[in-house]
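The first chain written gets the first letter, and so on, giving A, B, C and D; residue counts start at 1 in each chain.
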């Protein structure tokens, strides 16, 4: 795996401050699997000399078709604000695909996907990739203005349910409210979203139900070299150990994640 | 590039095919960069700091970007000496590049033991003793800021190993030259500088520090002027070979250090941004030498006119 | 902006209508910015460092831009005390803003004399004693890095003046908290921190330092994390009012310092880039308070959660 | 005087790495006098968040007509490289006009202008402003590729002479070679160029001949506040004193400038 140059094919703003970025990638870019991510950074372009220091930033793969990589991102700070102003033809460096991926839902009957906020990005790739109608998708957002992709999910899956914190769309409440109280065997759950959402799931899902979650942590390198993206994981022996989200993750079995109590 | 240019430098008995090395903690255990770099072209690989026992490090968030650099509070997470020797070292032996082991102890005894146990381990070319980590109280910060303790640790390690001994200095001191002198008196073969400067950053939205550890080590371009100044001060104070570190992002930066008197340089934070940084810096130095019609990098080293 | 928000802060007996002050040496003698700023909106103006005798300063080049900041080796050029009192002070009296005089001496006697002669001069609201300039050997660097000397100078000045006494610390030390304690023991009313960090930059084309003076003081965003960390350390060590300085470019930066515990902040290098920086920072703090529904800036000060 | 927003009207590259920038300025921008300069800096635009620290940079006024300010600049480093990529419509901050100006050649019969390298910029404004045919202009450059504006000078003035270091255009040698050995009374000389050129002039021009030179020094503020742009000047009393190039200059009587001997 190396860094390659991608060039912007299109950039859209489906909802305010939320952008869909399509990048043309070279053939050398390996096809990513759902759950994997890339690190993006500016190229030392003509204006690079006036650009300040900037670490690369991690983004999940939202979609991939040969030669074309899509990223869904929310404008939250320095680099995403810069990215929001990209225009077709501009180049950026892409490092990836990085990290592990969601294990395929092979042999599972009941497949549930929980996506909170911008966490819909990798879950979109997941549902599209495995394209099973029997995947049930639950999407949550703070408010209608931040709700993304429910149409797209509806095209792929039979059952899509929406919750917003303020009730401006779908059910008023948390996406975790959709979690059934009892679950059939052969259930598997996949989730990505804010820490609070994953932590709720960890309290609600029985240990015997398979659940795989994609975690986020601040990253500098994305390749396991800086040890910046640490997460505590329970070992089989019941001990706490440190793993790197970028290399050992970002997908972990939910029951293995150690949640701090603060 | 240009076959006629000599890039080989010497750090005591250690011969490096290039003055471009990697900085501890920023290049993993080397392998992580094998996809990006020709590891054989590096002057040396300095691995992540190793302690006797494995360490879990600090709780996240451990890193945050700041203007001109980043803060890290990794907390010296590492696999420990045993796992390092059995798992991390062997794959590195495939490369034709000296491996320098960065070590730190919680007390004088641990430093001695680390040095003793690494002495003679195949594939270990030299030791870099970190007496300077600002993140962890036990990480040696009390050794690196006091010239007596710095000298003490250096002489203990010196007695425990026949390996070339590099001591790495912290910049969080009033008078770096006096620490350098003490380390020279303690028997170091070379000095590397600088480690990170302790810094802090505040999340004004949540009114709390960005790092769980509150403070962390500042690295990147922001510290380069300080690193260069300290290199200059130390160069005037001691005659040991010096290894320059701090905010080296490109060949121009590296050349500033070589000209100021560093016989080699280490690339740190730059590896995160551009995993090929060490290669591009090596190319850039060679290009500069060719353009300046200098056939031996050693003629450039310390050529600063004042 | 919002009439209901209190921006007034106190530094001992000194009442400031806003926590936003200017940093010595970066705002001239005030007048230079009258075209750009409403000087009446400033918490205080700290003028360029004054010595007993006029000083010519260092030969050029005196400044160079570096990543995330700049180096300066002005060498404490100033008009001297007499010319300051007769020429520079009077025009400033037109404004309804406290004037703080930054002073430095070559020896203890000079500090005492400066303090004595400024005591009671109309229009002087407070003294800021620079024991920390890294550019000029005689500029006091030996006072600021040694806690005994720092205390000594502080107590001498304390005895010589009834004016509010602010002592400004250098960051080029191992243990800023111990210097702060010494200065508090010496009788300071407040502490301002930090001055510049000593740095260096090399012109690789000509293989010489960019600055004629070789080294210079690093200021700007690059030093902000270090300034914040030192503020945090000093806040835990002493209970005096603290004035935060270092790389404050915008309201977010200023808020980081206030939240960490600075009762006021000084804007330095930012004035060169944006001569309206102090005004925009003041607006930004007010906006943040309004948005956070905080009616008194004093409730924000030191509110850092750790 | 305040900072105002200017917007790029046009940017041309008459010679490689040399750019002519036309900026639209608001009415509040006072008309500059020849010798004055401006400080330019980036605006906090959409991409500013990823831009690093950057001090403003000084540039002489090359030309000014109501509402329109022209700058001639050479690409040498960080900011001029960024400026070289400006495109029409982009905005930048302009601080100025700053500094003093060349005293008018009133009552002088013999007016000579020496311009070396990019030092032609303020001298262009000077000749155009005073528009006297009897101004004699001497332009020097390293090589033809860096030679600027001789055509323009020819349009304005009767006598224009060119020298290049390598003889690739005009006379081979230094522009100072054109200095006549004896000078009539009522001669006045104006000059801008590299330090070495001005220093030669100072050795060649008798003290009784009026000569005004525009100096360069590293600047941070441009308004006399940082004391970065120091120059040593002889006082009437024959003592050395410090002046600020940005505020007391950039134009000084040549005989007052103290030249270091190194």
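By our rule, a contact is a pair of C-beta atoms (placed from the backbone, for glycine too) under 8 Å apart; a residue touches a chain by one contact, two chains touch by 3 or more.
Only a predicted model underlies this, so the values are computations on that prediction, with no experimental measurement involved.
Visitor: Which chain pair shares more contacting C-beta pairs: B-D, or C-D?
Guide: Between the two chain pairs, C-D has more contacting C-beta pairs.
Visitor: So, what's the distance in Å between the C-alpha centres of chain D and chain B?
Guide: Taking the mean C-alpha position of each chain, the two centres sit 46 Å apart.
Visitor: Using mean CA coordinates as chain centres, what's the chain A-chain B distance in Å?
Guide: Computed from C-alpha means, the inter-chain centre distance equals 35 Å.
Visitor: How far is the middle of chain A from the middle of chain D, if each middle is the mean of its Cα atoms, in Å?
Guide: 55
Visitor: Going by the contact rule already set, what residues in chain A reach two or more other chains?
Guide: Each of 52-54, 78 in chain A touches at least two other chains.
Visitor: Can you pull out the residues of chain C that are in contact with at least two other chains?
Guide: 67-69, 221-222, 249
Visitor: Make each chain a node and each touching pair an edge, then name the shape: line, ring, star, complete, other.
Guide: complete
Visitor: Looking at the complex, which residues from chain A come into contact with chain D?
Guide: Answer in residue numbers: 42, 46-47, 49-54, 77-79, 81-82, 84-85.
Visitor: Could you list, by residue number, the parts of chain D that touch chain B in their complex?
Guide: Of all residues in chain D, those touching chain B are 52-53.
Visitor: Enumerate the contact residues on chain C facing chain A in the complex.
Guide: Chain C residues touching chain A: 67-68.
Visitor: Which part of chain D faces chain C closely enough to touch in the complex?
Guide: Residues 1-3, 41, 52-56, 78, 95, 217-221, 223-232, 240-242, 260.
Visitor: Taking the complex as given, what residues does chain C use to touch chain B?
Guide: Residue list for chain C touching chain B: 66-69, 71, 145, 172-175, 197-202, 204, 206-209, 214-215, 218, 221-226, 228-229, 232, 247, 249, 252, 255-256, 259-260, 288, 303-306.
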